[in-house]
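Chains here go by letter, A, B and C, matching the order in which they are written, and residues are numbered from 1 within each.
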Amino acid sequence: MSQVAVEAPPKGGFSFDLCRRNGMLSKKGVPPPSYRKTGTTIVGLIFQDGVILGADTRATEGPIVCDKNCEKIHYMAPNIYCCGAGTAADTEAVTDMVSSQLQLHRYHTGRESRVVTALTLLKSHLFKYQGHVQAALVLGGVDANGPHLHTIYPHGSTDTLPFATMGSGSLAAMSVFESKYREGLTKEEGIKLVCEAICSGIFNDLGSGSNVDVCVITKGQKEYLRNHQLPNPRTYVSSKRFSFPKKTEVLLTRITPLKEMVEVIGGGDIMEE
Amino acid sequence: MSIFEYNGSALIAMVGKNCFAIASDRRLGVQLQTIATDFQRIYKVHDRLFLGLSGLATDAQTLYQRLVFRHKLYQLREERDMKPETFASLVSAILYEKRFGPYFCQPVIAGLGDEDKPFICTMDSIGAKELAKDFVVAGTASESLYGACESMFRPDMEPEDLFETISQALLSSVDRDCLSGWGGHVYVVTPTEVKERILKGRMD
Amino acid sequence: MTKQQANWSPYDNNGGSCVAIAGADYCVMAADTRMSSGYNILTREYSKICKLADKAVMASSGFQADVNALQKQLAAKHLTYQHQHNKQMSCPAMAQLLSNTLYYKRFFPYYAFNVLGGLDSEGKGCVFTYDAVGSYERVGYSSQGSGSTLIMPFLDNQLKSPSPLLLPAQDAVTPLSESEAVDLVKTVFASATERDIYTGDKLEIVVLNAGGIHREYMELRKD
């Protein structure tokens, strides 16, 4: 046991050390903690020469917004990106894990990653954990076989669709897609439709909010449009600066000077051999 | 009652102009009973990097020890201090390792990175990073702190201004939270010095 | 005996925040106009502020069906009062009536969190804050609803009123001017809207002063 504790860095995989203790606490009536969620609207669609992904940028913990401008479109490979909804830590970790596996696979084979490879890696990981890794994903990319768009559910089941939505705002976004999507959209039309779908999630679903992120992937090219639209600026900033009526009272002050960074001055003599 | 509310805490970090501040309350309680009024919740990782741990105090201290251990190994191997971004990734990885049996702990990380660029970050108890440009908060008083910071924060504050703002935000928030309070502990870090101050607050 | 618990609740929470600030000769009441349920917005234009008498205005968050029933109840009682006394109810009297009305339903409460604001007999601003079962207090300022935890610390910081235990008793009203108070209310709502998902859409501000009741609106974030 002591050997295991000292072993660092760990070999990877989950550690279940604290499960017994936490289970005991749960049984005694202490509710398990809530995690940071991305309430989220995430969408994707296939247009005439590739895939467009879109996401809002709000992260919530219960009724409180904890991040107003988070990134939900995760990098998987140069030609593949993935939107994540669900528990923030899970979507982040699962996409990071798979993207490094893909990178290693590319080093091994020397070829561009395929979307199905990412899809299989993601779904097998999620299936292994039987829905306890709470990640709902929209995976999109363009590879040797053309553009692909998939959705992956937390239990590991997948769909292959021309247009897809996920997260708490999925219904709002899907209603836009269902009424306006058609085959062979141009890039501009595609981006506009994605933005409209995300905005309908932002405005009609309380779990989604703030800005619109878009990612356009075409053959051999990608455009990550971070904060493509900013439809929700702060509505009021007071013209006057608030002063503090009561000054803070300090009991003790301790000042520690930091060492000056030593500057290396160039132009000196070159050291002799 | 949530386990995060067992000991009670309030943590906050703010960014100023080429500087940052991190502050916490000083109360350690067991539910509504106060145990200590000089509790350290903010730890120094190295001169330019600070870590605050809110939540269950026993987990916070265990986690801190593991992080110090890993940071020392890094220093031995690399002969340099960790960058704040790197440290945040380390904390996140350590927390996510225990995804299904987490430490009941919400960290706040604040540091000066390359070219004295301030970095602040918070996470939930399973390591979902939240990088912010303005301020981050954690602990039982987090809702109050969000409200206070949203109203008080201004971008590009000078160190003294930043100190006053973070202190006012902290003190007015903990006064509305039963589980945190008893004064505050504030660190203001500029490229040249660390100014640590202990604040007087309500003692109830 | 299979079913032990009801899986249906007679209550819902429709969210929203209310703020009231009392000044020397005015009272500012404010609330957002969003009504929501779960993750859905039911309407973006629902007024949470209700005029009960010429000098008494109530802002309520919580379950709007209960709030509506409560407002009707108070309106009926106020009508009876007018018939009996041939005058409008004063704000402190309305405050006591509201407390009694809430406590009358002690064991099946109105799920309503109210602030009552107005002008007292001397024309001074007054604010009364309540819990759901009628406990109330006269204060200088107050906030209720989903964003109240975010709003209250900043109000404390700016307006901290003297302790009610102080002797001789001191005025709880804020030293701010009317326009400063309105500016403060706008700031706290803009801040609360940034972080509370149930607060937003539009801010309704009602100002009571010697000149009567005056209403204004400000846009808030709609996400």
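The working rule: a residue touches a chain if its C-beta (ideal position, glycine included) is under 8 Å from a C-beta of that chain, and two chains touch if they have at least 3 such contacts.
For each chain, UniProt lists the protein as follows: B = Proteasome subunit beta.
Note that the structure is predicted; figures quoted are calculated from it, not measured.
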Shared interface partners, meaning chains that touch subunit A and subunit B: C
Reference subunit A; chain at largest CA-centroid distance: C
By number of C-beta contact pairs, the top two chains: A-B
Centre-of-Cα separation between subunit B and subunit A, whole angstrom: 24
For subunit A paired with subunit C, centre-to-centre distance based on mean C-alpha positions, whole Å: 39
Geometric centre distance via CA averages, subunit C-subunit B, whole Å: 35
Numbers and ranges of subunit A residues touching at least 2 other chains: 64, 242, 244
Junction residues of subunit C - those touching two or more other chains: 157, 187, 194-195
Multi-chain contact residues (two or more partners), subunit B: 143, 146, 151-152, 168
Footprint of subunit B on subunit A - complex, ascending: 8-10, 13-23, 25, 30-31, 33, 35-36, 59, 61, 64, 66-67, 70, 87-90, 92-93, 132-133, 241-242, 244, 247-260
Residues of subunit C that touch subunit B when the two form their complex: 147, 149-154, 156-157, 187-188, 191-192, 194-195
Residues of subunit A touching subunit C in the complex: 39, 58, 60, 63-65, 68, 168, 202-210, 231-232, 234-240, 242, 244-246
For the subunit B and subunit C complex, residues of the former touching the latter: 143-148, 150-152, 168-169, 172-173, 175-176
Footprint of subunit A on subunit C - complex, ascending: 15, 36, 38-41, 146, 157-158, 160, 183-184, 186-187, 189-190, 193-198, 218-223
